[in-house]
């Protein structure tokens, strides 16, 4: 397992390091903590000892904090960093407890599977719950994701690529590790994970649709993808509790592969977003547009990333989602009743997620790169230097590689899985047997060829016939202006409306328009419900309570002496 | 000597009430000083074997508690030209007297329940010390004047000292003297601080000392 | 003064080499516990004294003579406290440290510092008087069982089982409250923030780094006796409760604290709570607590000294005027932030190791409620402390502080650096001799029947 | 030999038949309206004409605009090749192929919508928005139906899920299959933007979904789009037909005609629906789609209770 993940990480780090050239203006500090973060993560994954694990974990978390607050002279960046810091520290404390319980359970700090005999009842549950909370915060599973969107939005782009690509995966990694220790996971855990996965998947993408900040939107998509991964993991857990090797393989294989894929295409997307911001100096989707003309390469990269993240063939996103689909259907085809309950609501949810993601990325791609520019910045944007395009190119290549030849990585996945569920090591089917990976390859190739062919055909026809250039046919309106375009707000309006019950969107548009409306607008924004409705009020209340407690120290020495006396009496009467 | 011991203790106790009830600082100082002297003398009676170190100890005690400290306090009083007349911060003289009485009574009852060693069962020493400690606390917590708090601290120490009389053997001479010395220096430093306080605020009431809070 | 402290340290080093020495017929004994505290105190003092040398030249027109004398006096008294195995003698030393520190707190001669000094003096003296009362009770407990009444630690431990338990309990409570006042356990901690806030930086550093642990040592001595007398459960329970209470108080008053040094002071309250809690948990946690004494002390010193730098750079301690320290004072700001992470127990710093050990012991010995509360309080502390410190460190410094005044110097930043480096070292690797020493000490405190 | 023959027929039918369906639908509507209507083969003429034409491209567009039709067509073609038509397995068939099927159509949708946004025209943006929005609701319904079939057939391959074995289940679990059939018919209407979801030949752009997306395409590109749409219709039609009459008599000479007949019936049915129903208001469309989801959901629940 560590072997597998290290290879994965090493891969990503390689990319990560090239990206450093991207933001020259962020000085030494950035580079330094970039290095420390990677070092921390490396330590984390090779750690066989919980203390070491915690070291790596915290080094990673802290350097991530410093990376997020690179531009700490801006207020909102500071607030973001602060929220992130609190979240990650709470996670760390959960891990304290977790490893303490582990130590109590198997008597040593070395991370190893627990043997069922010595395991006391309740300890396993405690471990699972603590791990779920502790790692879930880091991974950004839905109710615990509060820190994630703004942190990703505020950090420099290649840092957000790193965070969303690798850092939150550390949460998944930890979850996988810990669940692999537990001897006999009850079926409910798997179902719980599945449910959480569905929740964060659907809600994540739903929130994403409502966003206008390019990077914030991508951040919410990270939550969505984490949801998909967790679904796979939950499926694998169910499989383990019911001794179904194929579910384990498909679920876990899908999850791990999706970890990998998400790292690739999310890094790709964040980098392209970074170069967009670099070029147009704004993250507001509604103020961009028409960039495909001025920065064609970047737009191509972003397109590939978008197709991949929507899980569309022939790119890598499809492969992992395909595996998870197969697994979920597999539970149905010949599985028991309970696990079926999991599958039946997970399948349409996954379909919904896919479709929503598609809608969302059509919106983003269309609004950012297509059409005509909506602001001066966007109009005067410029293509970014090759030092920024290079890494993207590599990522694009990787996406295609995995998408077209998933067989190549099947053995590595297999290795990881047999590390997770030892009983798979010898017996049990291989991944390649369960999933028609070779078919995916051939279909992908076929698809590409056919598209190429069609393109050629169209080209020839066009070459034959007359081709004129003209303005867009505005259905009778002549001289379309950029402001007439469909903005992302309007694009998402219908969908946001559908999810209004959870998103609580704040829409601004003038009510009761007169008969010839002089000038109207529609704009909606979606705040983070969990953060604004649940977490912050709690903190405010706590602060108020504590400030009230201050009354007790009001500087009067006689009272202080009285405290001593009272304490004395109380303790004397203790027993 | 026991018959002589108890009356002395009674006097010491009454001195507590005097300290609580008297309104002039000088009076309180005298009361405390007198109590110190009594304590010194008490030491002679508690201990059958009057060795040289007991004598010495008595001398030092009486010297410090009875004369040096009071003199010094009076001097500080004059230095800081504190007007006489103290009012209790909380309640009235009557109230604090009542509290003191209640406390003393409680001390009596409480010390009866204490598992004392045989030879101390019938001694008034333990209850007296408890009562004095209580009085000291009462003074510390109810009086506003810094100097009155010092006196309260002295009372407290007296009470503890009374208890210490029971086991002079346990505490070697050196330690006893060390304790007394500490007590003296403590009062000394406190007096200096009081001096500064009165310079700063033109009064020694601790009401001014409530800046630092939260 | 650095010279003197250096000499002291050298002596200490020699002492640490040697076997447990007994002097004055067992009045002064250097046992493992003592060794730990002694070496640690002298190191701290050395660091602080180097800092002080620069700090005093920083243009206070105050006479430094009294300051230095009192500083050294307190050092010697602390040494006495640590070495003495005669409780009475220990008490004398303790009271002496209280008195010796008082003038240093009043160093600035401002009304506020005056008030702080007064509170410190009175509250501590009363508290310590209580402790004396407790010690007498202890002696009485021996007398009561027709033993030769004594206050010698070794004899007491030896005859512990015969002591009369009611008196022993009363004695323990009194001593806990008494020295707890000196140590800054809530609710007897009230003097602590004032004193720490108003005193000069090195003095606050010494107060919270060395003086409080000395009081802790005193409590440990009596706890040792109780434990040997089989009253361990009782005393442990009380200690756990007090520890948690102190942590809670610290957490409550840290949130939204405007004054940097008061913030640190409350953090000391919290960490004293952690120490007592650790001892109360027992088992592995004792080791953790002793280790935490070192970690906390070093980190606190670093924090207080860097807070001193910040104060002299901005001319203020309140968070309204201080921000962007990391830009104004690059070295100090960074160290301050690092110290914050260290004191809140983030890996890989030392406090993490000790706190983790304590949590581990708590959960390992089925004290789940205590452990959970402990963690919860740690979280609150982190949030409260960070919400004050992060804005101080980050952001842009105000124009008021922009003018060239105090800058990072070698003498003002090196001591901080050294202490933090030590903390980091303790987090990553505990040198074997120290570890064996800690183990011995922990074993010493454990029940020996 | 057998398979080669099957595949050949499959390809021929799949690529040849679709425009006929369009024509048939138009004819049915015309008859209902009491008109003669265009000849049934009209769509073929249209396509040929379009491929002959030159075309106009908006200045705002990029290569994405041109890629849209191509990808749309190609995905439809491949999708068609994955549907088992008459009992026999499709040319392209493997475990879990239906997932790929759905996502291929998704890919087509992605590019068509992007192409629409590429023009920067408000109407086409609107069309794209509606298209993807409704697709979000159609997908779950589709997969729920697939759940039912997978549960029944115990296989994850369209060839088996829609194979002749399905016939036996009609007797046992008929009701859930009926529900699925209904919901898939609704999806068919929605995905191919027929009434009541969309009116292909209305003239008010504000009310359109699919048509408004492709306003700016002309000439060969538009031809591709039209053909792609026809293929898509064929795909869903084939799904419905296979679901409705899974029985196969074994001899291809019998099966293929049955299937073709089924397709024609479906086309007529669509025509009937279009002529007797009115367009729904845009805001009511999601309701109907959710209803489709619920139908399939019911089906699966009936199956596993």
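Letters A, B, C and D name the chains as they come in the text, with residue numbers starting at 1 for each one.
The working rule: contacts are C-beta pairs under 8 Å (C-beta built on N, C-alpha and C of every residue); 3 or more make two chains touch, one makes a residue touch a chain.
Computed from a predicted model, the values in this text were never measured in an experiment.
*Asks:* By the touch rule set out at the top, what is the minimum number of steps from chain C to chain D?
*Replies:* Counted as steps through touching chains, the separation is 2.
*Asks:* Find the two chains joined by the most C-beta pairs in contact, please.
*Replies:* A-D
*Asks:* Could you tell me the distance, in whole angstrom, between the mean C-alpha positions of chain A and chain D?
*Replies:* Taking the mean C-alpha position of each chain, the two centres sit 34 Å apart.
*Asks:* Taking each chain's centre as the mean position of its Cα atoms, how many Å separate chain A from chain C?
*Replies:* Roughly 44 Å, centre to centre.
*Asks:* Once you find the CA centre of chain A and the CA centre of chain B, what distance in Å lies between them?
*Replies:* It comes to 71 Å between the two C-alpha centres.
*Asks:* Quick check: what residues of chain C touch more than one other chain, meaning two or more?
*Replies:* In chain C, residues 118-119, 122, 126, 193, 253 touch at least two other chains, as defined above.
*Asks:* Quick one: which residues in chain B touch 2 or more of the other chains?
*Replies:* Touching at least two other chains: 140, 149, 206, 209-212, 214.
*Asks:* Using the touch rule from the top of the page, what residues of chain D touch 2 or more other chains?
*Replies:* Residues: none.
*Asks:* Just spell out which pairs of chains touch, all of them.
*Replies:* By the stated definition, chains touch in these pairs: A-B, A-C, A-D, B-C.
*Asks:* Using the touch definition from the top, list the residues of chain A that touch chain D in their complex.
*Replies:* 289-290, 292-293, 296, 299, 303, 306-307, 310-313, 318, 321-322, 325-326, 329-330, 332-334, 337, 340, 343-344, 347-352, 354-356, 358-359, 361-363, 365-367, 370-372, 435-436, 439-440, 443, 446-447, 450-451, 453-455, 458, 461-462, 465-475, 480, 482, 484-486, 490-495, 498
*Asks:* Residue numbers of chain C touching chain B in their complex, please.
*Replies:* 86, 88-89, 91-92, 95-96, 98-99, 102-103, 106, 109, 111-112, 114-119, 121-122, 125-126, 129, 132-133, 136-137, 139-140, 142-144, 146, 148-151, 164, 166-167, 193-194, 197-198, 253, 257-258, 262
*Asks:* Which positions of chain B touch chain C when the two form their complex?
*Replies:* Listed in rising order, the residues of chain B that touch chain C are 114-117, 133, 140, 146, 149-150, 153, 156-157, 160, 163-164, 166-167, 169-172, 174-175, 178-179, 181-182, 185-186, 189-190, 193, 196-197, 200-201, 206, 208-212, 214.
*Asks:* In the complex formed with chain A, which residues of chain C make contact?
*Replies:* Checking each residue of chain C against chain A gives 118-119, 122-123, 126-127, 130, 169-170, 173-174, 176-177, 181, 187-188, 190-191, 193, 234, 237-238, 252-253, 255-256, 324, 341, 344, 346-348, 352-353, 355-356, 359-360, 362-364, 371-372, 375, 378-380, 382-384, 386-387, 390-391, 394-396.
*Asks:* Quick one: in the complex, what on chain D touches chain A?
*Replies:* Residue positions touching the partner: 51-62, 64, 66-67, 69-71, 73-75, 77-78, 92, 94-97, 99-100, 102-104, 106-107, 109-110, 113-114, 116-126, 128-130, 132-133, 135-144, 146-147, 150-151, 154-156, 205, 215-216, 219-221, 224, 286, 293, 297, 300, 304.
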